[in-house]
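Chain IDs A, B, C, D and E follow the sequence of writing; residue 1 opens each chain.
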Amino acid sequence: MVLFGVSILIFGIARLIPGDPARIALGPMASNEQVEAMRDRLLLNEPITVQYLNFIKNLVQGDLGTSLYTRRPVTEDILSTLPATFELVLAAALIMTVVGVPLGILAARYRHSGLDIAANLLALLGVVTPSFVWGIFLMLLFAFHLDILPIAGRLSRDAVLPPQITGLLLVDSALAGMWATFWDALRHITLPATALAMGGLGTAARLTRANMSEVYGRQYIQLARAFGYTEREIAYRYALRPAMVPTLTILGLDFAIMLGNAFLVEKVFAWPGMARYGVEVIIRKDLNGIVGTILVISAFFLIINMIIDIIVAYMNPRILYQNQ
Amino acid sequence: MMARRFQSRAWYRFSAEPMAVLGLVLLAAITLAAILAPFVTPFPEHASSFVDFRNMSQPPSASHWFGTDLVGRDVLTRVVYGYRISLTVGIVVLGLAVPLGVTLGMIAGYAGGRLGAVIMRITDVFLAIPALVLAMAVLGVLDRTLINGLIALAVLWWPWYTRMVYNQTRAIRNEGYVVAAQVVGASHSWVLFGEILPNLVPSILTKFTLDLGFVILVASALSFLGLGVEPPTPDLGSMVAEGAGYLPDMWWMPVFPGLAILLVVLAFNLVGDGLRSMFGDGM
Amino acid sequence: MSTDPVFSIENLHLRIRQFEGEAHILNGVNLHLRAGERVALVGESGCGKSSTAMMSLGLMEARSMRAEGRIILDGTDLLSLRRRGWQGVRGRQISMIFQDPGAALNPVFTVGDQLVTAIRRGNPSKSRSDAQGLATDGLRQVHINDPERVMSSYPFQLSGGLNQRVLITMALINRPKVVVADEPGSALDVTVQEQTLRLMTELCADVDAAVLLISHNLGVVRRFAQRIYVMYSGTIVEEADTATLFSAPRHPYTKALLAAVPRLTGERLPEPIPGRVPDYTDPPVGCRFRPRCPHQRSECVDPPFAEPAPGHRVRCVL
Amino acid sequence: MRSAAAAYPAGDEVLIRIEDLWRDFVMRSGTIHALAGVSLDIRRGRTLALVGESGSGKTTLGNQILGTDTPTSGRILFEGRDMPARRDTQMRRRIQVVQQSPYTTLNPKRTVRQILDLPLSIHDGGPRRQRRERIAELLEIVGIPSDFMERHPHSLSGGQRQRVALARALASKPDVIVLDEPTSSLDVSVQARILRLLVDLQARYGLTYLFITHDLSVVRNIADEVAVLYRGHVVEHGTTPELFRAPRHRYTTMLLSSIPVLSEEEEALKPAWDWDVTATAAEPPSTGTCPFLPRCPHAVASCSLGVPPRVATSPTNWHACCNPRPEGADADAR
Amino acid sequence: DEHAIGEIDPAKATDYADSILFYNLYDTLVIPEAGGTEILPHLAESWSIDGTTYTFTLRDDVRFLSGEVMEAEDVVFSLERMIALGQGFSSLFGGVIESVEAPDPQTVAITLSGPYAPFLGSLVRLAVVDKDTVMANLEDGDYGEMGDYGQAFLSTTSAGTGAYSIDSHDPQNLTVMAKNDEYFLGVPEAAPDIVRLQYSIEPATLRALITRGELDIGDQWMAPEIKAAVAATDGVGLGTEAGISSFYLKLNNQRAPLDDVHCRRAFAHAFDYESILELTQITDDIAFGRPAHGPLPLGLLGADEGIPTGRFDLDAARAELDLCQYDAGDFQIQLNWVAGNPIQERIQLMMQLNLGQLGFDTTITTTPWAMFTELASSAERTPHVSPVNFILTTPDPDSMLYTMYHSDAAGTWASVDWVMSDEVDRMIEAGRTETDPEARAQIYRELGQKLVEDQVSIFAYELVGVFPIRDVVHVPALQEAGQTYSVQGMNFMFREMQMQ
């Protein structure tokens, strides 16, 4: 439903782009007749409603049209770059939750302690520093200065490619038992994923801390204390779950930011993901490419949020029971 | 007298957060520097068209604290001038997005029903597209000028306010004083702007402050992708993007503008957090 | 009256730093409970009742607070306890019933889960299934006829009354010596509150727990307690057994409070108490009720406790 | 006290008549009948108390009268004329409200003067100077020093806020004020003051009150008539002394017997109730039966046959119970 | 900003990267001489010219990857396909060919519609594809019985005779090519077995990869600072590609005030030639620019060393400005640069400064390449000043002059000067139809002088491609004097490289 709205919006934006995609597609040497013919072929001379309906018709069949930029089907283009982006974003999401949430818990548990201040500072730095700046800092430090991690790409040039199963190199190489490749891929993804995760990590830590603090103010925490629960139990068992419910919902929204920032980080680390494609198609007014890219990214975002909603429902029985 | 007391209490709460005060000081310093840029920077002429190929790509030194760039301009000067753009961008973008978002959110929240649903669905659509991507798409439509960049950012920012204001309006709509105003016979517009809006101000203001930082951040990200303002106007994001191409040899080119972005966003965040705890509501 | 108190608060002071200055919230509170005794603490809103309760369980949380005095439970001074020590005490020897059952139960765990954990906290040797059995029995004791269903429900699926019963069960399940009940049931309807009080009376007798009931409602207090402390602005101003307090109140505040309650006889409108509750940062010296007292006089500065009758103590020069 | 009048004199004017009012809330989990066929009269210059437990529909009924909510079906007559769904300014002027929570009833962002100025400016309070004088006058009426005029609500105590709310309600010179639990979050000492003020104002301005509360001791002291609401049904209605002396509906009985009181003398006035402490599971929705049926220990077969009809016990009192508490049962009270 | 993608369909190849792929995957009938402009036999053993009919005799020992022998049919097919698709360099052939025939498997006869001197040179842009293989892999498309003309097939793999074949191809990232041991000229042992062509790497990354030995050859568009830094690394040297390209600051001759030659001359005097050449200096002896003498790079037919290089002289500029019908202050001059070309930005900043001293109000705009080609399609939207690198696409000067200055070719990125002069058109056409090389050279010299006289562009400098190359490879075309081919991409024929 929302996706449908997104498609209209994006389609509208894409069709508004000035300039002639046909000319750009044909390259600098094309003649005017060639351009006209191309315009006909692309239905560019039809009214916009016809164009949209045609687009939807094809979309339902999984056909996003042909990219004018690569001259390949957009679906193919996206499929070839999506796994890299997907892997990067997932790795970043993992770092964000695995580091950010515990950081927030610790900060909430030891409120106003040195630990809290340190965690807060780190979280704040994460939030306020653009991911591309993180990328540059990390690259300077770990890749150039210390020279312990690779600078760019997904794999070293002599790494053996694992058989393609999911398209995620880490998963594929692990499945195939190719540990050298796995290790290589891991080394490559570390910096970009960290750079990408920092913002979300900060948000996660701050949100967790805030929501935990709020939960700590609730009566049921006093009740738990009044019944002799240890602070540890309260933090990790009793308060965490109710605190995670709002945290997760907002982190789901943060995912959008992360997807956007992936563009930046991919650029810094020459990560062969969707970013370059996305920027290029926009610059080149590749209508199909633009619509396809944004649609896929939005769908990706909506799916992630759906998953989060399901998790939240299981964490918060109130929602679960309301829906039944 | 009570008002004074309230103000000082607010200040007490604000100043109880040393970080917030730090943020305020930082912000004041940045703003002042930006406003007084022609007087406080060592080479104000470097902010506009200027080249000095004999002096290019110099590392930080006593005369150029942040080094010089590829055409020999002082990076420090350009960073300070870059703040001018950043701050303007932040204020203009939110100046456009906030009134729009707030008005729509209030109407949707107050009217509810079909109108509210339609507004919120549209908002959802905008929120379902990652902000940066949406801005890029909009910038694809428009020519790449500063004004259009501002429009693009405003386009992606309003839904957040609509959403926040919608939720809060729905909560406030049934508060006693709103009902009382209705009972007394106040008009809808009075209820919206006279009763509800003033109560949204703290959260809007807080979000506004935080967002000023984030707008700057996103704007710099856009320039980083090459969708920013045109040279020779100094722009922090473009400076980072350009400098990133010269790592690690000319590290000062991306690092100082990068730090500058960080600093201004940080300042806004600290102040925003301070405001939040001053207004004392969990948003 | 000869048995030694199982729980006593001696000269408890509590100060909290705020923007306006240091608030002297508790100003020498003295009270005690004997085993199995039902005692009440009444007073207007903000007079320090909850603070006393929170102090008793070490739950008072404030950024900069200073507490003096002693809180003695079974010979140990709770105020001197560190975190570890508290964990052995809370839930086992002293427990608490909260005002709003909806807020006091964790919304994301089932009632059974929370009961079982509470039991095993107090009694780590108990197995899960034992604890489950115990919890079921406990719920039966509060007259819940389908404990299994209640155990597997989440708090929001149960009515306020049922949740209140769950809280009572939880408070008593480890057979504590002292239960502090802060306005139990007052968030619920009068009918439910009535039932709650009845249950508590019944169960505390069963378990032989002393109860400190905190309430602002004199009627409730009269229904429940054997002995009553009247609190005003952080100080106990009068202490008497229930019958005496209602038939022969001595402190002007107690009298004023009684007169302010609307009566069912309906013969006249209640009498307001003039003035306002004092500010904690700058309270009146000596008797804090003096500015509102119809009988104020110069000796009112720091009145001692008078004992007009055995067990009836009044902090007033009258 | 005026309430001493046992029965109202014949011809006591009905100001608001409510006829078979329904208000349904359609929820995902089903439809809630917040009001299920309420019929009531509110008499000019009198206080009608509306009592009942939480969720029984008291506020909803108040909202129908105020016009902040529209009924699903049924009529409300004001001075014998149908009240339109969309009230005009004149109508709004005549019915005002004082709400329960002193913390949300005043807009925290406006000063006392601004708050009181709103109704005056809407209902033609004259030029600014004149309105200012009127505000001072209103504050004096409710007993607030006039130097509070420029204060914000947060610097007022709960009782003071309720007074300001009352002043706001009075500003438009209304006929009726809906008082929705105006004292329930106040201390007894403050409550006593507000109650006195209310009684005083009623006498001075001939106000009509719909007094919503769950505190029966207050009702006993302030109301002329009482309507007992249970799950959207009025189950008993009558003049206060009579209803308190001889409650007939079983729910009323239960309610009265649960009042915590301060003396033996009062204890003796409460009806007896056998407190069966067994808690049942969530009550199943009861449509088409006596609403109290699931909780009633005195249920008889006819209770489940339909919503019990009204039974008049005197010219002023009636109940809707199939197995009412016997008339002479007062003696059992302990 | 801008990223190239690899196009492996030879009928669609346009840019430098495409050309590299083109010359390694496919072969052409003829090939230019290394270090000169002579056209030498390649797939064609020999040819004869009879008026407008060119008859080629093909080698008989050439096989496609499929194992099929290359025959005249294939040549005909390739040419027809190129014209039909109408992309890439098809305009070189589209208008000029009247008929193509294959009288026997070894002979191809091409008849032109008129005399066309550059034709032989154009043939370096006609790759011969394997007709049978392509026909066997047709998919549905717009070309009737030709289906999609094999576009889908040829965008994923190659079907040529080239020294290398496609191993894997991802147009956005990477093409991997493997040696074709059956190559008709044989591929020396020393040539690389596997070639990995990586597209669109950020400069910093590229630099890092080269210094770390993960890449062997970098592109020529890295900023000079980076090249200098790379060159300073052990194991990395620089290769140069001179004489095939030139760098212009194109002035929009149709847009006021630059429709007045005096204003154009004023602009030309505002360009600081020496400083910019200094800027092109990468190491002491290697620069990526050398003084330009008119429009054509030296070494090309018709290039004229006698044409003086430009002179930076603000006083002279002011003098010209006085002659100009316009006032400097009345215009907002748009200086454009193409995103991703840092040198262009610096040059435009320099122009901004100097034009400012002449009283011009200027704005600098950055345009991505794709947008720039779009702007170039109309004279009104074309910026006042646009920097353009032109690299020869065929060894014939016509491909440069016609594309940039002929009215019929207007509207592309190369012709953003919008000369639109009948006289220039006539001279270009004369050069096309004149078959005598010396006479042609004379025409081009005169044309060059006229273009400089009219100051249609600022002839900034001759571009020298400078490529960082690791010592592990030896690239004769770039590293040995006189070995450079004058066609873009050709210097990256991997079969000529040697791994050390």
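The rule is short, and it goes like this: a residue touches a chain if its C-beta (ideal position, glycine included) is under 8 Å from a C-beta of that chain, and two chains touch if they have at least 3 such contacts.
In this text, all values refer to a predicted model and were calculated from it rather than measured experimentally.
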**Report entry** Intersection of the contact lists for chain B and chain E
**Finding:** A
Requested in this report: Could you compare the number of C-beta pairs in contact for A-E with that for B-D and name the larger?
Outcome: A-E
Query raised in the report: Taking each chain's centre as the mean of its CA atoms, how far is chain A from chain D in angstrom?
Result: 56
**Report entry** Whole-Å gap separating chain D and chain E, where each centre is the average of the chain's CA atoms
**Finding:** 90
**Report entry** Whole-Å gap between the CA centroids of chain A and chain C
**Finding:** 53
Requested in this report: Would you please write down the residue numbers of chain B that are in contact with two or more other chains?
Outcome: 226, 244, 247-248
Query raised in the report: Do you know which chain C residues sit against two or more other chains?
Result: 157
Requested in this report: Please set out, as single numbers or ranges, the residues of chain E touching at least two other chains.
Outcome: 1, 202, 208, 368
Report summary line: The answer for chain C against chain A in the complex is residues 54, 57, 59, 63, 83, 86-92, 95-96, 98, 100, 103-109, 117-118, 121-122, 154, 156-157, 167, 170
Query raised in the report: Once bound in the complex, which stretches of chain A touch chain C?
Result: 112, 218-220, 222-231, 238, 241-242, 245, 315-318, 321
**Report entry** Residues of chain A defined as touching chain E within the complex
**Finding:** 19-20, 23-24, 26-31, 34, 41, 69-72, 77, 80-81, 143-144, 151-153, 156-157, 267-270, 272, 276-277, 279-280, 283-285
Query raised in the report: Of all residues in chain C, which touch chain D in the complex?
Result: 44-45, 142-146, 149, 157-159, 161-162, 165, 188-191, 193-195, 198-199, 202, 216-220, 222-223, 246, 256-258, 260-266, 268-273, 276
Query raised in the report: Which bits of chain B are touching chain D when the two form their complex?
Result: 2-3, 5-6, 175-177, 179-186, 190, 194-195, 198-199, 201
